[in-house]
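Following are the structures in question.
In what comes next, chain A is part of two complexes: it sits with chain B in the first one and with chain C in the second one.
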Partner chain A sequence: MTLTPNGFDLDNTGRRIVVDPVTRIEGHMRCEVNVDEQGVIRNAVSTGTMWRGLEVILKGRDPRDAWAFTERICGVCTGTHALTSVRAVEDALGIMIPDNANSIRNIMQLNLEIHDHVVHFYHLHALDWVNPINALKADPKATSELQQSVSPSHPMSSPGYFRDVQNRLKKFVESGQLGLFKNGYWDNPAYKLPPEADLMATTHYLEALDLQKEIVKVHTIFGGKNPHPNWLVGGVPCPINMDGVGSVGAINMERLNLVSSIIDKCHEFNKNVYLPDVVAIGGFYKNWLYGGGLSSKACLAYGDIPENPNDFSPEQLHLPRGAIINGNLDEVHEVDPRDPEQVQEFVDHSWYTYGEPGKGLHPWDGITEPNYELGPNAKGTRTNILELDEAAKYSWIKAPRWRGHAMETGPLARYIVGYSKGHEEISDQVNRLLRTMDLPVDALFSTLGRTAARALESEYCGRLQRYFFDKLVTNIKNGDSTTANVEKWDPKTWPKEAKGVGMTEAPRGALGHWIKIKDGRIENYQCVVPTTWNGSPRDTKGNIGAFEASLMNTPMERPDEPVEILRTLHSFDPCLACSTHVMSPDGDELTQVKVR
Partner chain B sequence: MAPNTLILGIGNVLWADEGFGVRCIERLAETWAFDDNVKLLDGGTQGLYLLPFLEDAEILVVFDAVDYGLAPGTMKVVEGDEVPAFMGAKKMSLHQTGFQDVIATAQLMEQCPPTLLLIGCQPVELEDYGGGLRDAVAAQIDPAIEIALKRLADWGITARPGKAAAADLADASIMRDAYENGRPSEEQACRTGDDRFFPTEV
Partner chain C sequence: MENIETFYEVMRRQGITRRSFMKYCSLTAAALGLGPSFVPKIAHAMETKPRTPVIWVHGLECTCCSESFIRSAHPLAKDVVLSMISLDYDDTLMAAAGHQAEAALEETIEKYKGNYILAVEGNPPLNEDGMYCIVGGKPFVDQLHHAAKHAKAVISWGACASYGCVQAAKPNPTRATPVHKVITDKPIIKVPGCPPIAEVMTGVITYMLTFDKMPELDRQGRPQMFYSQRIHDKCYRRPHFDAGQFVEEWDDENAKKGYCLYKMGCKGPTTYNACSTVRWNEGVSFPIQSGHGCIGCSEDGFWDQGSFYDRVTDLTQFGVEANADKVGLGAAGVVGAGVAAHAAISALKSAQKKTQSKKEEA
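Right after this comes the complex of A and B.
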């Protein structure tokens, strides 16, 4: 048994279980755990594909184009990467964006936040809690009663409605095209919902699909197009012409009204469907408060959604910034991404080398030199690893640390930082939820807490979206239709050398881009993405990362069916930058689970 | 009335031949014009974001890099009911919430376009982050477009030489020429390592 500096007892003597790949996520991830004789996880090892540094693509290119490349990194964080990129360039060059641009960027970022949270909960994560096959057994009338009791103001609740959905689901399942619901462990006792709750949640899976199609329209309106909206260094690319009718691109009242109606729809959905579902489903899992991991010990948030343009001071951010370490929630530290002592990446357990052991590098000085070697206790071969040796190098993910601490990022980290800082809206939401569910504050530090924080945040983001929409309209009505500052568009106005950093809160956590510009071109570009923080391997001192910590001490109903592992890992909304996108005809995509 | 048609290119342009589908759309838009019922879309690696576009379409044509175990650069054309079966058969490599899920979801919603055509090309090289199309794959762009236009003509959709509305295509900086010509040299930016994740046996 080994005690890690961040407080986890690791014991790798029990049976080893390998889950590869972890499905329903972006990218490739593998996880190995050891379970004791009772089936409780006593050691956890997570490994993933590397973050491919964008410097290999961006070096020598025009910094004003970087957003278009970062938007292509993967399929889910497009807009957030683009926003982070333009912020990094603006920071480097001292470009001030106008007020309207700040409001529009906030509306778009919040939109992405809500879209991602809703899609994540209903389409990627719900199946870890909800059993759509069991929904076929539900009584539609009882489902209707359940719906009305958990959310009296949701209009779609008649027995006939649920019967229709059930029939549709039956048809889908019976046609053998189980598709989306295949590879589930549907008879595993880890599923706790009665059939009626399963039917209600599965119905909302469909309602959420309808809603998400509306949500993305906001990106088309402000970004000019979808699914790859336009961004602009210095502001936003959409002109405002309130008197215009139907003109392509320009923002007019008709388009703003559409945005306003979508904001209302999201708000209704969050209030009447998403939050009540989390409370209702969570109610059946109140005794399953595993998965807290680092959340009670070390949380990191960069903060986002600035009230005013160009002002990223912590008190000006609607999503809070701060770092919590050593489990001390009474002290929230300020975070400075420029400080070389704060954010550093280590590679002692990653397949890279810095030339000397124990060394950490700030992203501005980051280097990516591969060093692929398996430890002496690894099993298998270099191309077919059966078991990793976590005492040696074992992941393509680097180990980012904040002042040497392994950190959790994401909605739960933001909410714990906000709660600890006494952020009014966040504290209200959290207290109300805990009261409704009759749970203590400690219940937050769990898989369920992570899932609940995401739902609360979706609701809060909806209110912020309304706030910035109104702010935008007021500002336009007062005669300000400026959306971009092009004073420093021409590279001749730039210094010979400059460096900057852009930060956002991506749906899945703290995202930073660090840029160096030289002679008008990109000299270096580094991204540290949320899943690098959460999916981090061990570091020099032996601290385990957030995914690893979250699996510790979780009992598994059936060790060869990794429902609990998937549930907890999915609660982070992991995104390992997707690499390729090729279709092939052979075989099913089955999660391979090996018990050794 | 002429059926609404969506011509979609999918894939990640940052991964060499993975960009095939997107580059087909780019070329198509540069050389052919369509009536208003036809929409050209660069879908990138987007998943559910593409759903609204499918819902509006009666005919869906998809260009993509496909791994069908064929010789690199070989085309593979799949039509009708085979398309969802084909797409649902196997992961799209590492991309889990990919286009096969979009099709499955559209089916669940009963909004999947009734007419489907997939035009795929077996890649030569994927493991070259930041790289462009290999010659054998680039050479299939025009034949792929020809197949699409021929099939579309059967369905009453005609193209005229010209330029299509390109508002929904990639930003100019990431179009094929700018992207491939602007690539930093090997000396400037290390390119090794793409085989790091799939190392060769020692």
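Right after this comes the complex of A and C.
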């Protein structure tokens, strides 16, 4: 048994369970755990199993193009890397964006938060709690009553509606071709919902699938497409022209009306479907409060959604910034991404090498040389891994630390930081939820807490979206239609050397890009992303990361069926393509192999 | 098994009449060069055929293709997944994980040998023995080979699978390699774009289900129906280009009037895609309409053609058509495309024949 510095007893003597691929996530991930004789997880190992090398690809390119490259880090949280990138470039070059650009960027970023949270809950996470096969046993009339009791304002609630969905589901299941539901864990006792709740939630799985394609149209209006809308260093690319010549095609009244109607539609869904579903489903799992991991000990948030352009001071941000360490919620530390002592990355257990073992590097000075090797106790071969050796290197994810601490980041971390700082809206939401569910504050530190924080945040983001929409309209009314500042568009106006940092709160948590510019070109580019924090392997001192910590001490109903592991990992909304893209800045030629 | 929802039932539920269905069967017979006597056989096959299984694998990618796919408005993604195909393996959306997910893949391959479509999102990296992308403890390229072996056709979703995309941009550190360079013995349909338009994705799949053949492909292996013309050809700002009215600076008066974005680096004149016609997200807009030039994301190697804000250089204002002609001449290798497409159709045909003869045996 080993006690980690961050307080977890690790015991790897029990039976080893391997889950690879971990599905319903973005990217590729593997998880290994040891369970004791009672089936309780006593050791957890999380591994990022992909690596793309975007940072070296960025080297030598035009900094104004970087948003497009980094946007392709992730198509699920699409846009948030692009926003982080243009902020980093603007920070480096001292470019001030106009007020309208700030409002439009905020509306787009909030739109992403909502879209991502809704899709995550219904399409990536719900099947960990909801059993669609069990929904076939539901009484549509009772389902209708349940729907009306949890959400009286949701119009789609008639018995006939639920009967139709059930019939369609029945046909699907009876076809024998179960598609996405194939080989699910449908007879596992970990599923606790009555058939009516299963039918209600499965119906909302389909409703949310229809809705999500509407949500993103806000990106399409301002950015031309989704996934991967277009951005611009210095502002936003879409001009505003309310009633001048050629206003068709620009941001005009028709476009604004469409944005406004989508904001309303999303907000209705959050209020009448998403939040009530989380409360209703959560109610049946109130006794399953596992998965807290690092959330009660160490949380990190960079903050986002600035009230005014170009001002990222913490009191100006609608999503809170701060760090909590050692479980002390009474003290929220300020976070400075420029401080070389704060954010550092370690690679002792990652498939990279630094010159010195045990060394941590600030992202501005980040170097990464790949070094794929398995430890002496790994089972299998180099290209057929059966079991990893976590005492050695075991992941394509680096280990970022804040002042040496492994941190959790994401909606729950934002909400814990906000709650600790007395953020009015957040505290109000959390208190109301806990009252409704009759749960103590400690219940937040759990898998369910993570899932609930995401739903609360989606609702809060909807209100912020409305606020910034109104702000945009007011500003236009006052005669300002500027959307871009082109004073420093031309690289000839730039200093010979510059460095900057951009930060956002991506749906999954704190996201930072660090850039160095030299002679008008990118000299170094480093991203430290939410899933690098959450999916981090162990560090030099043996601290385990947030995924690993959250799995500890969770009992499994059937160790061969990883329902509980998936449930908790999914509560972080892992994004592996994001977390594992770093690469040697000098782009060393790597081993070549033959095409098979 | 009597409750299997067949292709016929699906079509009926989509509002297609029995009469249209029979007409469709006749057309299919004609298209496949079969006589009228085959019509009832085809109809019988359609009436009893299970939904086409699709295996959707993921290599190095960002999942934007999956995200785009679920944005489809016609048909809706839920209708595709519940009623048109059987998405038997897709690690982004499937309920099962680990061993149970791998078992789902094996069962599908075994049960539907030669009759499933393999959809590939992302690409395999070949450096470091393929271990820059690991699935089930093994290199992704192994899974790709394994799943492709018995596929009836392969769809390369997006710029990653089709051309390599961002991770293959210089210096391509992981040696990310497009699918057709690894899978060389199967008909491959490239659906490029970063990501492709949602309705283009579902359009390609439903075309294959409806007509039971590969769509007509161009020389590069792209469906001609969506990729045969440049964005510039059908851009609603084209008259401004022809009139010499250009945006000179972001957010200037000309930008507000919706003038042409060519001088801001728009790659519409060299990009083959359906953005200016189908548009994005149920036709709401497309990049040029929202004020930013096209970045050319459906073209091979678009990351390495200079800055997105550099003016397209091999194009003078009045030389566009000449240039387009050159492109056209280049495509005189259409013969080659025809051969490839023909080979693909033959492969599908023989796959289909096998299914039918099995049915008859049964």
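Everything below uses one rule, namely that the second predicted complex is superposed on the first by the 563 of 596 C-alpha atoms of A that agree within 3 Å, B and C clash if a C-alpha of one lies under 4 Å from a C-alpha of the other, contacts with A are read in each partner's own complex, and residues count from 1 in each chain.
One rule holds for everything that comes next: a residue touches a chain if its C-beta (ideal position, glycine included) is under 8 Å from a C-beta of that chain, and two chains touch if they have at least 3 such contacts.
None of the values given here were measured: they were computed from a predicted structure.
By the touch criterion stated above, A:486 is placed in contact with chain C alone, chain B being left untouched. In the superposed model, C is the one of chain B and chain C that contacts more residues of chain A. In the superposition on chain A, A:449 makes contact with neither chain B nor chain C. Of the two partner chains, neither chain B nor chain C is touched by A:574.
Of the two partner chains placed around the shared chain by superposition, chain C is the only one that A:222 touches, whereas chain B remains out of contact. By the touch criterion defined above, A:123 lies against chain B and chain C together after alignment on the C-alpha atoms of chain A.
Judged by the touch definition given at the top, the superposed model places A:72 against both chain B and chain C. In the overlay built on the shared chain, the residue A:172 is in contact with chain B and with chain C. When both complexes are overlaid on chain A, the residue A:57 reaches chain B and chain C alike. Common to the chain B-facing and chain C-facing surfaces of chain A are residues 21, 23-28, 49-50, 52, 56-57, 61-62, 65, 68-69, 72-76, 78, 119, 123-124, 168, 172, 177, 179-180, 206, 209-210, 212-213, 216-217, 224-228, 230, 248, 370, 372, 382-383, 396, 583-584, 587. Residues 21, 23-28, 49-50, 52, 55-62, 65, 68-69, 72-76, 78, 119, 123-124, 168, 172, 177, 179-180, 206, 209-210, 212-213, 216-217, 224-228, 230, 248, 351, 368-370, 372, 381-383, 396, 578-589 of chain A touch chain B in their complex.
Per the touch definition, chain B reaches chain A in the complex via residues 10-15, 18, 42-52, 55, 64-69, 84, 86-101, 104-105, 107-110, 120, 123, 126, 129-130, 167-168, 170-171, 173-174, 182-184, 188-194, 196-202. Those residues of chain C whose C-beta lies close enough to touch chain A in the complex are 1, 3-5, 50-51, 53, 58, 60-68, 70-73, 76-78, 81-83, 85-88, 90-104, 107, 125-142, 145, 165-167, 169-177, 181-182, 194-195, 198, 236-237, 249-251, 255-259, 275, 280-282, 284-292, 295, 297, 303, 307-309.
Chain A makes touch with chain C in their complex at residues 18-28, 30, 49-54, 56-57, 61-62, 64-65, 68-69, 72-76, 78, 119, 123-124, 127, 168, 171-172, 174-185, 206, 209-210, 212-213, 216-217, 219-230, 232, 234-235, 237-241, 244-250, 258, 370, 372, 380, 382-386, 396, 481-484, 486, 489, 560-562, 566, 577, 583-584, 587, 590-593, 595-596.
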